[in-house]
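Two complexes follow with chain A in common, the first pairing it with chain B and the second with chain C.
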Partner chain A sequence: MIPSRYVREIPQRYRLEGGKCLKCGHINFPSRLICPECKSKEFEKTVLQDEGKLLTYTIIRVAAEKFSQETPFAVGIVELNDGVRVTCQIADAEEGDIQIGQRIKLVFRKIQEDGKAGILCYGYKGVIVG
Partner chain B sequence: MRDVAVIGIGMTQFGELWGKSLKDIFVEAALKATEDSGVDHIDSMYVGAMSSGLFVGQEHLGAVMADYLAVTPIPATHIESACASGGAAFRQAYLEVASGASDIVLAGGVEKMTDTSDVTEVLATAADQEYEVFHGVTFPGLYALMANAYMHQYKATREQLAAVAVKNHRNGAKNPNAQYRNEITPEQVMTSTMVADPLRLLDCSPVSDGAAAVIVASMDVAKKMKKNLIRVKASAQTSGTIALHSRESFTTLPSVVRAAEKTYTMAGVTPDQINVVEVHDCFTIAEIIVSEDLGFFEKGKGAEAAEKGLTSIECKRPINTSGGLKAKGHPVGATWIAQIIEIYEQLSGTAGERQVKNARIGMTQNMGGTGASCVIHILEAI
Partner chain C sequence: MIGIVGYGAYLPRYRIKVDEIARQWGYDPDSVKKGLVLHEKTVPGLDEDTITISVEASKKALRRAQIDPKEIGAVYVGSESHPYAVKPTATIVIDALDIGPNVHVASYEFACKAGTEAMYNAYALVKADEMKYAMGIGADTSQGAPGDALEFAASAGGAAFIMGKEKVVAEILYTNSYTSDTPDFWRREGEYYPRHGGRFTGEPAYFKHILGAGMALLEKSKMKPEDFKYAVFHMPNGKFPQTAGRKLGFTKEQLEAGWIAPWMGNTYSGSSPMGLTAILDVAEPGELIFMVSFGSGAGSDGFIFRVTEEITNVRDRAEKLRTMLDNNKKYLTYGEYAKYRRKIIINE
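This part shows the complex of A and B:
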């Protein structure tokens, strides 16, 4: 992975920074140049809520080569308290523990390794909080 | 816009074609379609392919295929819209003829998937790289997220998902071009290897090589060449959010709903008037959700309909008589062109053992990614 491609995503992946539309209040994650809700082009930086609920999930058992050492692992879609939805892994859970509707908190974790000599890639994963 | 007809079809066997190259299979299908149509030339061509660059390391497919098909210097363009590449290629051919710019255009699709080792990674490029794939999600994983949401919302069962694969294998067994011509049982589906819960191996369309092509022509040309006329009655293409998580619901596909509305309006028909339909069953759950989004079943009733056998060849609502992506195979770029070939055969009365009685109006539905793009056509025998 070219470092600049990774660095561009750091504000989103490390700090959950999104863009709040100044006209309609819709929060885009990642931030965009034009709001899909109202077409406004003005945004302010906002930090996402780090808690929400699990809308759906799956256990990945066959992965791309990059993730093949990690299987099985859980992936879900989490709706955060501010309405933003993200796809992420659900970590630290046994298979039977995960259920739709559970409360989830996003935490900072290593997501993948870019080959033997490449970047260690960090970002957010969800953990069950009850 | 003038009337447009499909006047020739050709496809390769779908499957693991180790002995044949990307170029070989496309040219084979294109030559068959050209010969079937009887035309002595084509004015231009479109090649639908999802990712020949990653699968085979070959881009610039328009030129490559025009060269090997020996039709240079005609315009030849590669069209990409993930799994909807073939549908998008056909739509460009349709528009070019409908506009009057050309009279005879070839629309083909091809994918050579067995020339690469990490098919999962290549297919995942149809999703959002930074916000979905970065986290390790695969295509079966994304459809599994939909399946879980659907089963949770509508209390659908594992048996109901399996019914789709069983029916499509039953149809595929009657299709000489299908990759899998074996029937399977619900038990086999439900005990096959888990890929992404709740989806198992036999819920998933396979990795395939294959190519398909059709000749699209103005009605004037068609009338000179053919007795059986198959008219393109409606054509629509839509886009949607690239990420599944950006959608309000994970149990409906807005791009499919909108494209369906457009085609029904353009064709002046209702879902009840469609006699036969090919849908994009990349996974069993996809056929169920799409069968609802196309208006054939109420929301939440598609799974039950599949289990009751309402979508089999003999019933009122035959879906995927070809065997679908599941049994016929899913060489991504060729998939939609093969769908239209099935509908062409059904409307021409040449579908053999798979023939739906008195089929006059047929529909094809093709989508890219998790429904970030969708192409639908309605064809009619006149």
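This part shows the complex of A and C:
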């Protein structure tokens, strides 16, 4: 990943920062320049809740090369407590552990490595709440 | 009053039993377990490292302290497994926690005592009135060469401590450091695994420094071992801290709450700091805690803490160490462990 792009995405990937539309209240995650609901351009920063429930998931058995050591792994859609839906890897879990509707907490994990010598990329993943 | 205003620990869910490692290399599992007083150890997931462990431990410390992260003026991370050789671990920690950018950060390395170095300097800056709060973190995904005795214990975890002057949960009464040039364990630049001096790591290194720092701390404070409710020492295995405690005059009961190595292993820079969090999870107001770390090379940092009334307000705000240690475990085979610890050579 190019470092300049990585830095731009830090607010959303590290801190779950989104943009709440000042006109209609819609929360955009990640932040946008124009609200897709009302076309307003005015937003305030909002930090998403870090817990929610698993809406659906799939198991990745053949992954892109960067993730090939981690297969099989789950990628799911989590509806956070504030209604925002995020797509993320479900970490620390095997296929038999995961069920739709489970409580999920977002945690800070390493997402990928840019080769052997490039930057390390961090962000959120979901884990099943024990 | 200056001391800890928030604390937190984190350890991964993966474990490997000492039996599994011993069988792999042809050791007798029972004699290894008896000799080291170890049952199992934590193993980091493929997506966990010193940075992710530091962030998760710090989140708990912030949850307990309930302060504005922007008021933290320094974040120091002690580890011997910093993911970057050049780029401080805390640069990522502070952005993940919305601390800074007006913040001083640094990575510390001093084998297994880098975590208490971070705590010591965070405390010193607050004491010097340079800042309102400072955070010291000790975290590691410890390395041990395959088949080496270190492999039975080298594990993963970390603890974070926010130092401040308001709503202190554990006041720091005394500190003392004890250091000498003792090459008992080292890792040269570019080497993947550390080397050590076998039995030389015991008496001339671990015990000399722990006892040296401990006795000096007792002398400085004019206190006696029986004045303390709890004591915690660096835990390279389950046996050494018990012996060190006994030699200093502490009882097994005083060590019990912080003695987590038999089920966690040696989290290197996180070891005695994580033991301290286990003690804070159960300590009562007014009780005294005696703590001495050890880092090969070699040195020890000693602290005396007095727990305050505030502890009863903060400790239930985040998950306790024993809860993490005793629950949600997933055991690995040696093959899975070798993959998770990247001990297998694969094509790029």
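Quick notes
The working rule: the second predicted complex is superposed on the first by the 129 of 130 C-alpha atoms of A that agree within 3 Å, B and C clash if a C-alpha of one lies under 4 Å from a C-alpha of the other, contacts with A are read in each partner's own complex, and residues count from 1 in each chain.
As a convention for this text, a contact is a pair of C-beta atoms (placed from the backbone, for glycine too) under 8 Å apart; a residue touches a chain by one contact, two chains touch by 3 or more.
Keep in mind the model is a prediction, meaning the values are calculated, not measured.
Look at A:Leu120: by the touch rule set out above, it reaches chain C but stays clear of chain B.
Of the two partner chains placed around the shared chain by superposition, chain B and chain C are both touched by A:Ile111. With both complexes placed on chain A, chain A has more residues touched by B than by the other of chain B and chain C. In the superposition on chain A, contact is made by A:Asp92 with chain C only, not with chain B. In the superposition on chain A, A:Ile60 contacts chain B only, with no contact to chain C.
In the superposition on chain A, contact is made by A:Glu70 with both chain B and chain C. Shared-chain residue A:Ile10: touches chain C; no touch with chain B. Annotation: chain A residues 70, 111, 125 touch chain B in one complex and chain C in the other. Residues of chain A touching chain C in their complex: 10, 14-15, 69-70, 91-92, 107-111, 116, 120, 122, 125, 130. Taken in their complex, chain A has these residues touching chain B: 9, 30, 36, 55-67, 70, 73, 75-77, 85-89, 100, 111-112, 121, 123, 125. By the touch criterion given at the top, residues 117-118, 120-121, 124, 130-138, 140-141, 144-149, 152, 193-199, 241, 243-246, 250 of chain B touch chain A in their complex. Contacts from chain C toward chain A in the complex involve residues 12-14, 45-49, 51-52, 55-56, 59, 83-84, 92, 95-98, 327-328, 330, 339, 346, 348.
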